[in-house]
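Data first, discussion second: the structure below is written as structure tokens.
Each chain carries a letter (A, B and C) given by its place in the written order, and its residues are counted from 1.
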Amino acid sequence: MLSIHDLYASVDETEILKGLSLEISDGEVHAIMGVNGSGKSTLGHVLAGRPGYTVTSGSVRMDDQDLLELEPEIRSRAGLFLAFQYPVEVPGVTNLEFLKAAVEARSRHYGEEPLNASEFLKQARGICDAVNLDQSFLRRGVNEGFSGGEKKRNELMQMMLLQPKVAILDETDSGLDIDALQVVADGVNSLRAPDRSFVVITHYQRLLNYIEPDYVHVLVGGRIVRSGDKSLALELEEKGYRWLEDEVA
Amino acid sequence: MSEQIDELIKQDYEAGFVTDIESETLPPGLNEEVIRFISARKDEPEWLLEWRLNAYRQWLTMTEPDWAHVSYPDIDFNAISYYSAPKSMEDKPKSLDEVDPELLATYEKLGIPLHEQEMLAGVAVDAVFDSVSVATTFREKLEEAGVIFCPISEAVKTHPDLVRQHLGSVVPVSDNYYSALNCAVFSDGSFVYIPKGVRCPMELSTYFRINEAKTGQFERTLIVADEGSEVSYLEGCTAPMRDENQLHAAVVELVALDNARIKYSTVQNWYPGDQDGRGGIYNFVTKRGVAHTNAHISWTQVETGSAITMKYPSCILKGDNSVGEFYSVALSNNHQQADTGTKMVHIGRNTRSTIVSKGISAGQGSNSYRGMVRMNPGAENARNHTQCDSLLIGDQCGAHTFPYIEGKNPTATIEHEATTSRVSGDQLFLCQQRGLDAEKAVAMIVNGFCKEVFRELPMEFAVEAGKLLEISLEGAVG
Amino acid sequence: MDFEQLAVAPAASPVWLQDFHAASRSALVGVPWPDRKTEAWRNTSLRPLTDESFNDSTMTGSSDPSEYRIDDLNSRDVVFVDGQYKPELSDETPSNVNVVKLADASETEAQLIRSSLGTIVPVSQHFAQLNGSRLNDGIMLRIRGVVSQPIRIVWQSNSHGSLNHRLLVLMEPGSQATLIEHFCGIGRAFTNSVSEFELAENSHLHHYRLHLEHEAAIHVGGCHARLSANASLSGFHLGTGSPLKRLDVTVNHAGAGADSRMVGAYLPKTKQRIDYHICAEHSAPHCTSESTFRGIVADEARAVFNGRIHIHPGARETEATLDNKNLLTSYKAQVHTKPELEIYNDDVACAHGATVSQLSEESLHYLRSRGLGPDAAYRMLNFAFINELLDGASEPPLAEYLRTRLQNWFEQEAP
């Protein structure tokens, strides 16, 4: 489904990703772990096509499409979803308008009839309940004045509406208390499906107690230096990242 | 609180004394003959006389600006004497030993001991006493580096091509009323040239001083930093106490060629007039620099003196990636009026400018920030940030902000912010409760308010500026 | 052009109005016609006004006010067509709202009018003096108690003439009302408008002033409020551009504890001009004012914004803020903004900010990462920039009406 091959990328002329390769098949959950600055978030941004993140070499394919050639919105419509670590506030646009525009853009892309307004509203409300956000959030400006946890749940809500093929969660656990973490994890788990894959970027093993990964990869200096199953995460928890960093050095 | 403020605001002007030496002073009045006299006295080439006369003729057709937030009685330009030179200067001293001891004593009182400075390596002083430069130190060391630092009257003769090429190139003759007047009658000033790739080996400094009664001072400074060079220039000003007002209309031009850096710092402490607003300097100065590609011009000013100030040190950011900065502290106490700020004209791509202005109003003082930031259509991705803060001390003063912001390029960004605050009774009480006296407390609060600007000054100046502010506000708390 | 020459009083007016004409005219004696050297006009040219003669009073369109209806607003409309009050087209106003045609005022009413008319607008507003010197038609609205239905003044212009609009609103102590000034029509007239609002103690006014007239309509005018103790004014301004549109808005906080909140947006495009000069005067203690204006300047348009906060010596414990943000959407668009502070008192907390910038890259990317195309994302953020100002609107149907218009406006506005 997603195939990353020898990816090099830089931000402001500083090389962050240095030869990252990763194969993700349908239905798999991959956890990417690493210290701050190891390139975890950069990977998410590069995949989503954020301006300022330049791919210098390597390739990324999603469903036989060259992902890197696509504009950010086309990647999104093709089924790539990034749950941002720091979702931006967009005052003046209500959550509902925003979600509707996104869902409609996607329907149009696939030549489908867009949902009518009341069906859409019903669906949005349902998802609001599922992520434990009050329905009044639909009428508020996108992320405007939301707490950290509310922003993360709002990202989750968008993911549930857009039904992506590949969902990347960029430190979705950071800043969440245990209850919120459970809500987010439940949401993700409810979306797990044979034709949907997840990339879970996290600093801590904690999240992986709730979202069980098939594979765990450790990023050091912009490359995957170790891959394994979920026991690798436990090993990291125990020994810290220094152990692997030293080994790489 | 206000009683205490009144008391603290009262201050003595420490530099207020008259040097008793013989001067050669032209009688008051302005006409072409006066200009010919000045030019002849300075033994100037024909082209400069013509330039002066042309400026004078243009000046006659111009009117005094009336847009500033200041008020003063009409100036009688025929009541001003346009030339004054200390007599003892007739035979120019070859070294400090030949300088009139009384003159040197004047500098001592002002805290500019030339003898000491010669030893305290690092600062070269071109001292302008009234209209003639009297002593220049460290010439040799600068000459070694190829730096030219001399009175502009001398540069006209020794480096005529350089002077002719750049004089009036940044501030055109007819730029404004006072710059035109300056072009016609400028007395003396400094000329600096830093050759390509040279980092000036020391900070350059000039102290100007108006001494003779009824003389205006019209100095003219021109600094040319050639490609890749770097210079820091300091300027300090004081004037004796007089009942009548004196006009000071200087012009400063900076030329920063590609990759050059010029830092120009001013501590202005001209006589501000007495507590009732009698006397004091009218400080109407034009300062502007042009920055070529990748060049950097930084203005820092601490303005505590003068009865009336109208002054807008500006940057023309002509070259791509050029940078302009303006850091200012302006204090208006008693009846002082200041209308000061800057202009940042962004012409080149990726140009950057920063403006930090701190205005302090006390007594019945009036302090205005007036600035202009313009993004021309070609100023692709240019950026400006302006922070403009006013501090009010007492309920009789005024603090004003007049920023002109012009955007003509959709990729350029301008951000302007302004705030006002006061030294509150609560703050003072807190300080006092912790054992500080009110005076110290205000000094501390004011110093904190100005910190962002002070840290842009060269070290010695920063300390001096802090003290100056403290003296200027002495007695000012409640 | 010459103010004195233009100051021609209409024939056959009541004596008090003749006095008013004369007083207004005398304020114009020797006043030069503004040019670029006049500080208040340095960035706006009066050429479109002086280059043309506005003397064709032939109606060019229908005067049916229903075209400018605002759905669901349920407003009581007071209709003017080409500066003339049209009772026959107007709704009946609630009993606690008196509508008095100035020229028909009774002696007591005239007295009431004279104590406010022309005293709220600053004398330095020369076009307002011109309006006063020519004043013929106009109304006084007197509001008592709580008026629950919004009152809408429909200023419709259909001709190519020179129009003089005048409104005086007297809010009695403790009264509350919502008043919408809706400028509309297809006329290419020159309109000189003056609205004055007298807010007595404890009165509260929601005021909307919508400049949605024809894109060729020239307008020089404004609205001016005086707030007595504990009165509050909430103002909303929206202006599209024209060859010349100059609007002055002043709020004088004259009584202790008065409060004003002003929000506004200007949207010039093509070669249009728009110039808002707003001013918060603080002459009494304990008052607050908060102004937020935003502009999107497209194509070859030019916007001017001048926002002034003026704190007088006695206005202790004043809190005043002003915020102005601008977006330029084209290489030929221009904005001139000048936020000003003039403060004669240390017991104040004042701040202002102004920006000229772009839509945030980060926001654009966020929208695109959810599947919106670049144009759609761009339009949505432009809309949001203005729409945010409608969030606090007291009349949801009106906000809805404006949202639709804004949506349409931005639909035509591709990057």
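Just so we're on the same page, a contact is a pair of C-beta atoms (placed from the backbone, for glycine too) under 8 Å apart; a residue touches a chain by one contact, two chains touch by 3 or more.
This is a predicted model, so every value here is computed, not measured.
Of all chain pairs in this entry, the one linked by the most C-beta contacts is B-C. Using CA-based centroids throughout, the chain positioned farthest away from subunit B is A. Distance between chain centres (mean CA atoms), subunit B to subunit C: 44 Å.
Here the spacing of subunit A and subunit B, counted between their Cα centres, is 57 Å.
Distance from the subunit A centre to the subunit C centre is 48 Å, each centre being the mean of its Cα atoms. Residues 67, 375, 377, 390, 392-422 of subunit B touch subunit C in their complex. Those residues of subunit C whose C-beta lies close enough to touch subunit A in the complex are 360-363, 365-374, 376-377, 380-381, 383-388, 391. In the complex of the two chains, the subunit C residues touching subunit B come out as 39, 313, 326-358.
On the subunit A side of its complex with subunit C, the touching residues are 48-52, 71-73, 75-77, 82, 84, 87-88, 90-93, 97-98, 101-102, 105-106, 109, 141, 158, 162.
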